[in-house]
Structure formats: structure tokens, C-alpha cells
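One chain, chain A, links the two complexes that follow: it is found with chain B in the first and with chain C in the second.
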Partner chain A sequence: MARLPLHGIRVLDFTVVWAGPWASMLLGDLGAEVIRVESINRADQVSRGAPRPSPTILEQARGAYYVDRTPGERPWNRYGYFNFPGRSKCSITLDLTRPDGLEAVLRLAAVSDVLLDNNRTSTLARFGITYEAMRAVRPDIVYLAMPAFGTTGPYARYRGFGANTEAIVGHTWLRGYPDADPSMTYVIFHADAAAGVSAAFALIAALHYRRRTGVGQFIDMSQAENMVHHLTPAFMDYSMNRRSQESIGNRHVSIAPQGVYRCLGEDDWVAISVRSNAEWHSLCRAIGQPSLASDPRFGTTSNRIRNHDELDRILSAWAQDKDKYAVMETLQAAGVPSGPVIAYQDAHYDPHLHARGFFELVSEPEAGIHLHPGRGFRFSETPLHVRSPAPTLGQHNDYLYRDLMGYSDGDYQRLVDEQQIGEVYVGAAAQ
Partner chain B sequence: MESLLSDVTVLDLTQAVAGPYCAKLLADYGAEVIKIERPGTGDVARRIGPFPNDVPHSEKSGVFLALNTNKKSVTVNLKTETGRRILRDLVPQVDILLESYRPGVMAKWGFGFDDVRRIKPDIVVTSISSFGQWGPYRDYEMTELIAYAMGVGMHCTGVPDREPLKLAGTATLFQAGNTAAVAAIGAYFGSQADGVGQHVDYSIMEGQASSVDRNGASLMAMAYAGEPTFRRAFGRRFSVLPFGAYPCADGYAHFTSAQQAWWPIFCSMIGMPELSEDPRYTGENFQNLDLAEEIDELFLPWILSHAKREIMELCNEIAGSPINTMEDLFADPHFRQREFFVEVDHPAAGPMEYPGPPFRPAATPWKKGRAPLLGEHNEEVLTGRLGFTRTDLVKLARMGVI
Partner chain C sequence: MPDRALEGLKVVEFGSFISAPFCGKLLADLGAEVIKIEPPKIGDEARRFGPFPGDVPNLEKSGFFIYLNGNKYGVTLDPSTATGFDIFTSLIADADVLVENQQPGVLKGLGLDYDTLSKLNPRLVMTSVTTFGRTGPYRNYKGYDLTAWQGSGVAHRYVGEPDREPLRGSWYHADHWSAVSAAAATMIALAARDLTGEGQLVDISETDILTTHIMGYQIVTLYHLTGEHGARTGANAPRTGAPVGMYACKDGYIFIMPLELHHWHGLVRAMGSPDWATDPIFDVPSHERVEYADEIDELMAPWFAERTKEEVFAALQAERVPCGPLYNAGDIVEHEHMIARGFLAEAEHPVLGPVRVPGKPYVLSETPWSLVRSAPTLGQHNQLIYGGRLGFSNVDLTDLRRTGII
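Moving on to the complex of A and B:
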């Protein structure tokens, strides 16, 4: 059997929070050796959690990301925020505030193909980690920096999470409840998901170019600019017509009805979309109200858009005493697009995800055996799977320092003694 | 100048949004993308708005124009034997085949993966479908709303007492297209090393369910602690610092603040540096959400007296940003200075601004280009690549093949 597509590619992974770790997870699943570089004295608190989570944190929603809500002795190894995108990677610890830290990075870069960074523009440069410095030790390295707004321009050094870039490019404005104040628009982080896949694509394409020409390069990605593409319809409307769109909630600009309706159950909902007159007629029959099909208020798409509130009332009344999966079966049997709003408690039991073996059983050193979500794509010739569980902090120090970089026993021991290499954050209790 | 994928040829049998975005990424970074469209009507996206002045026109759809830059359009009726013959002759000339037909259609036409592989052993076929090529939901209907609803994350998106809320527009399908592009280029990268082709089965539902932004990690919370994530869990602040949307002088602003180290920055920003060390809000109290209202009362007068553009300058250290409209975005100096909005001319739609490069490889530029007219490249591709004569093309057109 052929090897995994990215077999033999080594990625130096300086990513934090969501967008970057998601990109490197995709590379890891595709066969790259991903080395997650972790600070021994400063945790990436979004990913690894607070080294010593307070009782307040444990009571909050975030507490549920710890196995059994129990952080244990080394909470950073039992945290779902990290352990989902941490898979198929290994972990090295170092201390960038000391010269040994940069020395290790340079030795790693010399044997790596890719460096991936989604920190703020100035962060790594402060420690001497720049494209120029890496290219000096690895001339054909592909170096991708993906700060929120890119590495040039007035906002180059601005801080921003996915939700900030979405606010700036218009997504937050466009996606609220149309009848509510925007301050009711709850935070989402779609831009992180968007940037991660775009970065993974960029890196593989650049590796292809390097294989063909021997030339590596620097890639500048603005997560905000990448996100703009996801808003193409609204962008082009402004570009063409100078019309600044407003939110229409779950509705659609050119088909109707479309919405999410409450079903039987505590917090159960079903989504329904009708794309044509034919589907509208099918829906009317399927919900046992065939006379609606000849009702002039709903006869054409434009009339259905005009009378959408009334359609919402009809569909809400019909769905409210039905199971959300039963609604899907009824409407899909009639050829009408519909599906349950699948909640987390449903996902593991969803017949389709179950039949396709979407979830994979993964055994983690300090978190135990659980089902992890797979991925959106399957390969026929080189089946993909979670290649290894998320690493515990510094789990691969021994392999990376001694075997890969060739540190002597004495040098390795010195770094251990100086608390530059370890499996516990230095001063963890204080953080 | 060479681009990243200048040596790659792609046969694109997709339409609407997800597949074309995947193919656009390949085309804009240099691949030659041959887009097969149905004679007469073409890609369904040609009928999706926005249109200039809201007048529908198959060559002026904003969505189609933006999604099909740098592609070549060839009209082929795959429902005819001759059309399928043309497709069969093109297969040996391409590296990647993208398709978004309903599962089973390609096989029915004689283009199942095994058929295609027999013609071109190292080809990468990427099938993009709603639910994947097999499984109980395989033949179910999907829209962007359904994709988001069944992709698990929607249930905890929105306000607790109301209906879950989708992303704007068709963002979910753009995400699907980009993720499928990772799979397609990844499989291609492998096929180049080993000479082994690959069939990629991309499921929009599964791509969404395994993504970040609450899906993957919250599925872990379900597995780890047996607890579903609810709508109230998100959007709630993590500390006394502002989090979420706030009104400001000329609109709204968003904050993603939660770090203790940012508290003094916040206090100075609102002109109350004396609160920096105040034990009421620091230490263990920093995470006391009961104090949120108290802090907001201190914060609101400050934020209400500042405009969106000022907030961009003054609040970025604590991850505060304006909530912009499209109008604001088009006027933003940062995007202008980076020349992200690129003006592209088009023979039917005229010149207008398009979104620029999603990423910028320093040595190999992103290609600025336009979308093709329907069938614009029939002659170039069919005579250039397959050796048809002009007379053949006239005949094929008369037969309804192209």
C-alpha cells in the first residue's frame, strides 16, 4: 500500500488557539510529522487550559472539556480544546527566553520542511524566529505566518481572534437574528475554521512547488482576508450595487421557506429549505396540507418570501409535536431538504455518522479512551485515521532532542536540570 | 511568473458553491482548470444573485463571477454519448478530476473511479457530495442551512431561548470547498510521489462536524464529560473583561477579552488606571462573572463615546474590533493598503472589485483573473487538446453536445 500523502514532510508548529492547530492537525492526519513547539514556562491557555484551573473555571462550561470534569495532576493533558486538534502531532518543550531555546528551534528548522505560525506578528520575531533566520539554516523552508490581519499594513501588529476578524470583515453584522440587537449575536469563530483549511492548502501547494523547483518561500496569510471569501455573495452585492446587506437570520435571499423550527423535546429543532415550486408542492402534501399548494400567497418564490412569517407559523405548528429525525425522514421522502439540528448528545448516535464510522476510538496517555471525530474526507488508497493521540506536554522531548537533533546525554541533562525540558510547566501553580 | 500549481491540470465537473470554490483555489494559484458546463444553461450559480441592479443575467452573477476566476469554460452535454466521449478523451490529460454530481451518477456514465483510473492510473478524483458517497443519508437533499444544522455546531450557535442560528450567506459551503481542496491537493501530492491515484470521498456534513469552531472540541466534551455544549455556553464571558458585542457611538464593537494580563490595559483604556490592582476585580475575582454588570457599567460610557474606527485603534490590545458592515469593510484603510480588493474586468459584467488573495506566497503570485463566458474555451480546449476541427465544433453544437 502507498504511504500517506505527506509522508516524510516535517512541520515545525508554533501555533496557538484554534486556526493554526487545526491546520497542522490536517497536515498530521495526512501523514506529516508535526512537531508542536511548546513553551515550558508559558502555557497556551486557550488550547492547554490554565495550568491550574480554578474552581470557577471547573464549574463553567469550559470545565466539561476536562475528562470527567476532573483536571487531575496535569490538567493540560486532559483538556479537549487541545486534545481534539492535538492529534497526529508530537510535542517538544523549550524556553525561548534563553539562548538554548532559539538554538533548539534552529536545529529543528534545519531538518524541517515547513514552519507554521499563527501568533501575532511580533511574537516570534521577539525571540529571533523569522523567515530570514530559518532560511539561513534551511534554505528551502516553507514558512507560513497567519496573524489575524496579515504581516503588513496598518493592522499588521493588531491582536485578534477569529471572532475579531469576523467582526471586521462583516460576518458578525451579517449573521445575527434580524429582529434583535447585534449585542445578542453570540460569538462564533468560523474564521478560525476557515483560516486553518486555507493554511493547510497553502502549505501543501507550496510543498508541491518546492518539490518541482527546489524553492521554498514565505507565505503571508491574513485570516481576515481569507474570511472575506466566505462572504462572497454580500461582498459582490456591495461591489456591484453598493448595497450593504443586513442579516436575514436563517432565511435565504432567493428561496423560501427556509428556517429552523422547534420540535418535540427540550431543545430540539429541525431545519427545512424549499428551493422551488415543485418542492413547495411536495412539502404541502408531506405535511398533510395539500390545499396550501394552491394558496396564491405561496404560489411563487417571491410570494413565499413576502409571506415568510406566515410560512414560519405553519411549519412551526406542524413540527412542534414531532421528533426532529422523523421530520427529516418525512420531508426527505418527499424530496424536500430537511435535517435535524444535530446536538452533541445526538452526534454519537446519528445513524449516518455511525454507519460511516465517522468517530474513531483513540487512546490517550492521560485522558483515556474516547471517540474522536474523524474528518470530512476519505481516501480510497491510503485510508486516513488518527495517527497518534494528542501528545502530553513534552512527551517527545527525548526523541526530538536526542534522536532527531543529536543532543548529547550531557546537554540533554543540563536542559532538564535547568527546567527547559520537562513535562510540567515551570511555576505551574502560579499560573 | 510561475505560480504554485502552474504544472497542474484540473477537470472540474462541479457547480454551485462548494466545488467551484475548491476549483477556484486551484485555478487562482496557477492550475489550468477546465470547467465543464451544461450547454445553454451552465453552472447553476449563473442564476444565483447578486446581479448588477438586480437584473438576472447568466454572465453577470456575482457569485459565479467570483467563484470561477481563472477557469476555462467548455460546454459539454454529458447526457449524450458523444459528450461522454469528449470527457473520456480529456481524462488522460488531467491530474485532478473534481466532481459534485449525486453519488452514483459518475459511475452510471462510465466515470466511476475504477473506470477513470483505467484511463489514467495516477489520477486524483475528488467527489464532493452532501453526505458522502455511501451511507443512509447518501441520497438526501441538502442546502447550506441543512449542512450547518447537521454539521453539529449549529445547536450551540445563537441565544438559548431562541432557534439556533446559521452562518451568513453560504459560508458553510465555502468552508466545505476549501476543506475539499486540502484533500484534493493532499492526495495529488501523494500521487506525485508514488504514482498511485486516489479517490477522495468528501462529505460536506462530516467536514463540518469535524471542523473547529465548537464542533471538534465540543464533541470531545461530550465524549470526555458526557456533557453536551449548549447555546448559553458560548458568547458568555470568561472573566470580568468585556466579551461579545457592545454598542458604540456609531454602531457596535466586538470583544474577545479574557486574559488577566489585559486587565490593566483595559483599566487605562477607559481612564481608570487605579482599578488595575483593585482586589475586587483581580486574582480569583477576575473570573467572577457576577461582577460582569458592574464592569459593563464602567465600560459603557467609554465605549458609547467612541466610534468604530477609533475602537480599531484603541482596543486592539485587548482584542476589541468594530462590527463592520460591507460598506465599512470597503472603506477600511488596512485592506486598501494591502490592495486586497482587486479590480477585474469582465466582457459582460464590466470592471468591479473582487476579493483578492486568501494567502500570498512571496515567490509565486496569486493570479488575478476573470470568470469565463459560457463555453468561451470550447475551441481552445476541444481543438487544442483533442484535435477537433472548427467544422467538428459546428457539428457538435448542432447536435446539442457542446
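Moving on to the complex of A and C:
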């Protein structure tokens, strides 16, 4: 079998929540050996769930992250929020509050290529884990830190989840119905995964440089700044015109019609986006109203923008008694950009995604067999697959301590006896 | 030693709007040489999209285009002509990467599909970004940012009120996400090439990208695990934690997320530990505090209402409470933290002069990000690339221009 692109790269993964684990999942799928460093004392509860979830948690939305809403003996190994991005990784447990913990980190760093961290600035430093300390044992290490707002500047030590960074860089402001107050907008948590993808890019670029020069480096990434790019037109409008844009819903400032229209079904919709006069003429024919193509109210893009309410009425009336997939087929046959609004149970059955081999079956040791989404990019010569299911807590302790780091039987046993190594959180019941 | 991470990498970009151009920019920003090919006279479609200074359309003044195309060389070319085809293949013969986002079928029609180009240059990595990808039943369908966004499940699940239409995100998420993914995938294919010596085709589907990255968690964590599914619940959704959400300050809003118990303690301290907040009934995990959510909101409201969003932000962050004010574009362009970090960059544009643009989202300590040249004017580097690189004479270039080939 062909070697995967990141074959031979070892990643020390100190990440939490979503953004960081997402980046390390991509690296793991690509062939890197990702070692997820986990505290034996304190569960990262956003990722692994509460070690002993209360009945309230199990009833609420978060309870659905446990397979069949059943936490089992070791709930942290049955938590989907961990198990999805946990794939293609190993797990080691340690206790950073004791000297043995840092010792193990240094021994791991000495044989690693990348260290990945998305904790708040200073969290790892408290335990002696810094770029300087890691570089001392591994001079060419690539160390990426991506706290919410970066490691420098006035907010360097501030905390934020994806929902907070979205608000800070203007996305929340621009996402909503034009007739509603900005405070009525919705959180979509996409800043996290966006940061994960960018971090993977920056890391692979740094590894590219290291292959040519032997030089590693420190990468300081701000999750908030990473989302500013997505906002280019609004940013540039203020930059050039000192104008702060407001939300216009599904419409577009420069093309029309663009919108989401109700179809047959309980909550079924279709998205339509017309970029040119030619596409507009095709749309008129496709909906059986060819005379609209010569209607002066809609003859140019600016007229269509001006009369968008009327266009919305026409398209809504046409779509309302049709199946959303049928609408796509009709419009695509005429060359009009369109597609159904997908509910996530639709994605699960989507014929296109399945034909592309998007989903993979993954069998997890304590959580059963489930479909996982792939990774969005496809290589003609280097096909990628989920390499292994998410590790159970401490699953690879034996391999990592004994085989990789060369701990003696005696040293290993001492760490086990002192509860620095294990597969169950120390004091799990109390967390 | 090269001083930039991707120095020496040669990239040809044959695309328009966002996905391929932003991918090209991400590579160019780290030092790759990116030659951007635009259709003669009309140029990249992004040139016709605003914002424009004073709202006056001008191919050379689109802020949108200027941002997306910094650090590149720009040439014009019509590869549907015989000479244009030859020039295109000459550029490819020497390139490491081709990034493209042409509509399905266009490259094949031009005789410039991957099979042809890879015979010419077996080391070529060709990165192709389309709405639905290059395989599967929808491969020839046309799409746009909105259709990819709405086709990923994110809008139906999260964005909007239950009885109203699912909403798009703020501007172009599908295109930007796909561009970043395409840049990462391009680097991965180059890493694979270091192992095998061979290039390959990288197929990026915007719909796959959003389905994986944004909705992946929901698909796996809910539907696959429990068979449950849900749709957007709107601004007044049942809450799973309290207090969590948007709170009104004197001059705007702040979004707070004190999910862990120590965050709640921090919030209480920030508010000056009022008697009501220190009641032990609230000293429980966030999901159990939901029972008193409305009561807590009401009790908290005055403290927020008496302060500006900046004051609340600073006070809560001092107590380690995750939160962020609701900012608009103006707040960001003038943002003190991003200015202090050097995130905001000034592009010196040949037509517009200095323009502030978003800069580096990641700072590489040894190989700095830099904006070394602003976006090209249409055909700005024809002389440099065709004359200097491919050896065309001035007479040839005049001819190529006259016949509309460049």
C-alpha cells in the first residue's frame, strides 16, 4: 500500500473542544501518528463528556452524544463528540501536576515532529510546556498554538468558544433575517472547524519548509482572525466606504434572484441563485413562464434586485407544490444553479454523497459501528480512509510508554500504581 | 535558505470568484509564485462584484477582487485559441500546481483536463474545486455559494426560525472554506509527491467540505448514534445551559458562554457577587441551572444594561469567562487587538492607493507571511511572464493582444 502523505510524522496533540481536535483528525487521516495527550485526573468535558453523566444530561440534547443515549461503564469512550474527531489517533494518559507527567511529555516531544495546542495562552505553560522547552529536546519541532484570539495583543489571554469568536469578527451581526434584531441570530459553531482546517494548512506548509531546510518553527494562530477572511465583502466595504453592512437574509447585493423557497413537505426548501441574464432566461423557461424573460421589471440584474419581492412571490408560488429534489432536477436541466436545502438526516441518505464514497463505516471498541463523514477532499493517487477508530482513554499507554519511550517494566508499573496511567479517570464518580 | 515557507513553489491559477483564487492567495501569501490567468478584457468575475469605492463599478477597483488576489502575478489568456492553448500548456509544463474552479466540462472542452496535463507534466498537482465535486450524480450540476451552504445541512439545522426559511451565513462561507481546504489538500498532495515523485488530481467538493466540517459533528453525534434528528429551533430555543447567549449592554450585545462551573463563579465575581447570585441553588452545572434560566437572565440584565459591551467584555474576561461582543464590520476594521497583532494589512494598490485588508491569520516565526504585491491589474504581468519567461517578443505580444489571445 502506498505510504500516506504524512507518513512518519508524529503529532503531540494537546487540543480540546473542537478546533484543535479537528486539525489533528485531519493530520491523523493523512497518515501522521497523532498522540492525544489526556489528563487522567480531569476529563475535557466538552470533548469526552462528563465522566458520570447525570440523568439531566442524558435527557437533554447533550445526552444524544452518547450512543443510544446509553453511557455504559466508561461513558467517555461512548461519546460521539469525541469519537468522531478522535479517529485516526492514539491516546496516552498522564498527570501534568506531577513531575512524571512533564517528563513523559518531554520524552514524547523528543521523538515528535509537531505539537498542536488550542488551549488558552498560558494554560500549557503552567505545566512547563512551551515552544522553548520543546525545542530544547526537539530542535526542529513545529509548534502551533491557536487560542481564540492568538498569543499576542491585548486579548492574548482571553477565552472564547467558536460562538464568541464568530460574534467578535462580525459574522453573527450579518447572519439573520433583515427584519430581526441582530441579537436574534443563531449560533452555528463553524469558527472552530474553520480554524482546524487552517491550522492543518499552516502546519503542512511549515512541514514542507522543514523538509527543505531542516528548520522547525512556532506558529501563532488566532481563531478569530481566521474567520475575518470569510467576511471579505463586508470588511472591504467598511475599509473603502466606511459603511457597515447589515444582514440581507439569503439575498445577494449583486445578483438576483437569490433565495430559499418553500417546497412540498413539512420543512422542505430549495435554494436558487441566478448570476446572469442568461441564467435568468433559462429560469423563466424552466418554470414555464417564458414571458417573464422579456418583462422589463426583471430585464437587468439591477431591476431584478429592485423587484426582488415580486420575484420571491413568483418563485415561491412555483416551488410550493413540488418536491425539493424535483425542483433541483428541473432547474439544473436548464442550467440554473440550485439545490435542495439539506436536513441532516437527508445528508445521511444523499445519493450523491454516497456515490462519492463520502461516508465510511467505523467500528469503535466500546461504541459500535457508525458511519463517519469523510474529509471533503479526494486524491486520485492517495486515497484516504479513517485509519483507526477513536481511541479509548489511555488505550495506547502500553505502546507509547514502553515501546516508543522505552519505560522499563518497573517504571511503567509505578506510574500505573500511582494512578498516573490508566483507562478510568481518577475520581471519575466525582466529576 | 528561503525565507518564506512556500518559496520556490510554482502555481498556475485558472479560476474566478473565490474558491480557486483564495486558494491561490493562501499559497502566494506563504511565498509560492502564483500566476493568475484571467480571460482577456473581462477578467475574473470577482472584478465585477463590489464593494467599489463610492459604489462606482470599475474592473480595477473591486475591493473584493483586490483582497482575494494580493501577492499574485496576473496575465490574460484565451486558451480556446491554438496559440492560447500552447501558452497555457507552456505555463503548466513548468508548474508544480494548477488550481482551478471552472464550471464542469470547461477544461475538458478546452483539451486541458487532468489526463492531458498530467501526461505533459507528471509531477503536476491539479486542484479542482467545484460545487458538487468531480464524481457522483450531481457532478455536472451548477451551484453557487448559497446552494452549497444550504446543501450541507447547516442552515436547516441551525440558522433561522423554525417556521421561516433557513438562512445563509454571513457572506461566502462555502467558497472560503473550500479554498482553505483546497490549499491544505494541495500541500498534502505535494507532501505525497515528495514520497512518490508523482503529482495527482485533488477533487474538492464545496458541498462535501461544508457537510464534513460544519455538519459532521451533528451527523455523527446525533443521527448516527441515537437516530434522533432536529432542525433549527430559532432564537427562543429550549436551552441546554444557563446563562448562555446574547445579553444586552448599554451600546450593543455580548455573547457569553460560561459552560463550566468555574466560568459561572467568574461571572458572579465579575458582577460583584450580588446576594442572589451566590445562592447555592445556582451553584450547579450549567445544564442544571437551566431550570432558573429566565430568572437568572432577569437578575443579570441590569448589570449588563449599565455597562458598555467593552466594559462587560473586559470584566468577564478578567474572570476567565468565555465571551465576545457582537461587532460589525467597522468594529473589525478598526479593531485594537487585531491592529496590535499586525493582523490588518495595508495593500498599496496601483489604482486605489493604500487599502486596509485582512492579513495573516497565522504567524510563522521563521517564515513570515507578507503582502509583497497588491492584486494585479488586468494583464499587468503579461510582459513579465510572456516576454520574460516564455520568450515572446514585443511584436508577438502586440499581435497576441490585437487578436484577443491575451
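Keep this in mind: the second predicted complex is superposed on the first by the 429 of 431 C-alpha atoms of A that agree within 3 Å, B and C clash if a C-alpha of one lies under 4 Å from a C-alpha of the other, contacts with A are read in each partner's own complex, and residues count from 1 in each chain.
In the analysis below, a contact is a pair of C-beta atoms (placed from the backbone, for glycine too) under 8 Å apart; a residue touches a chain by one contact, two chains touch by 3 or more.
Every value quoted in this text rests on a predicted model; they were computed, and no experiment measured them.
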item	value
Side-by-side fit of chain B and chain C on chain A, or clash	clash
Touching partner for A:Tyr349 - first (chain B), second (chain C), both, neither	neither
Touched partner set for A:Tyr399, first chain B, second chain C, both or neither	neither
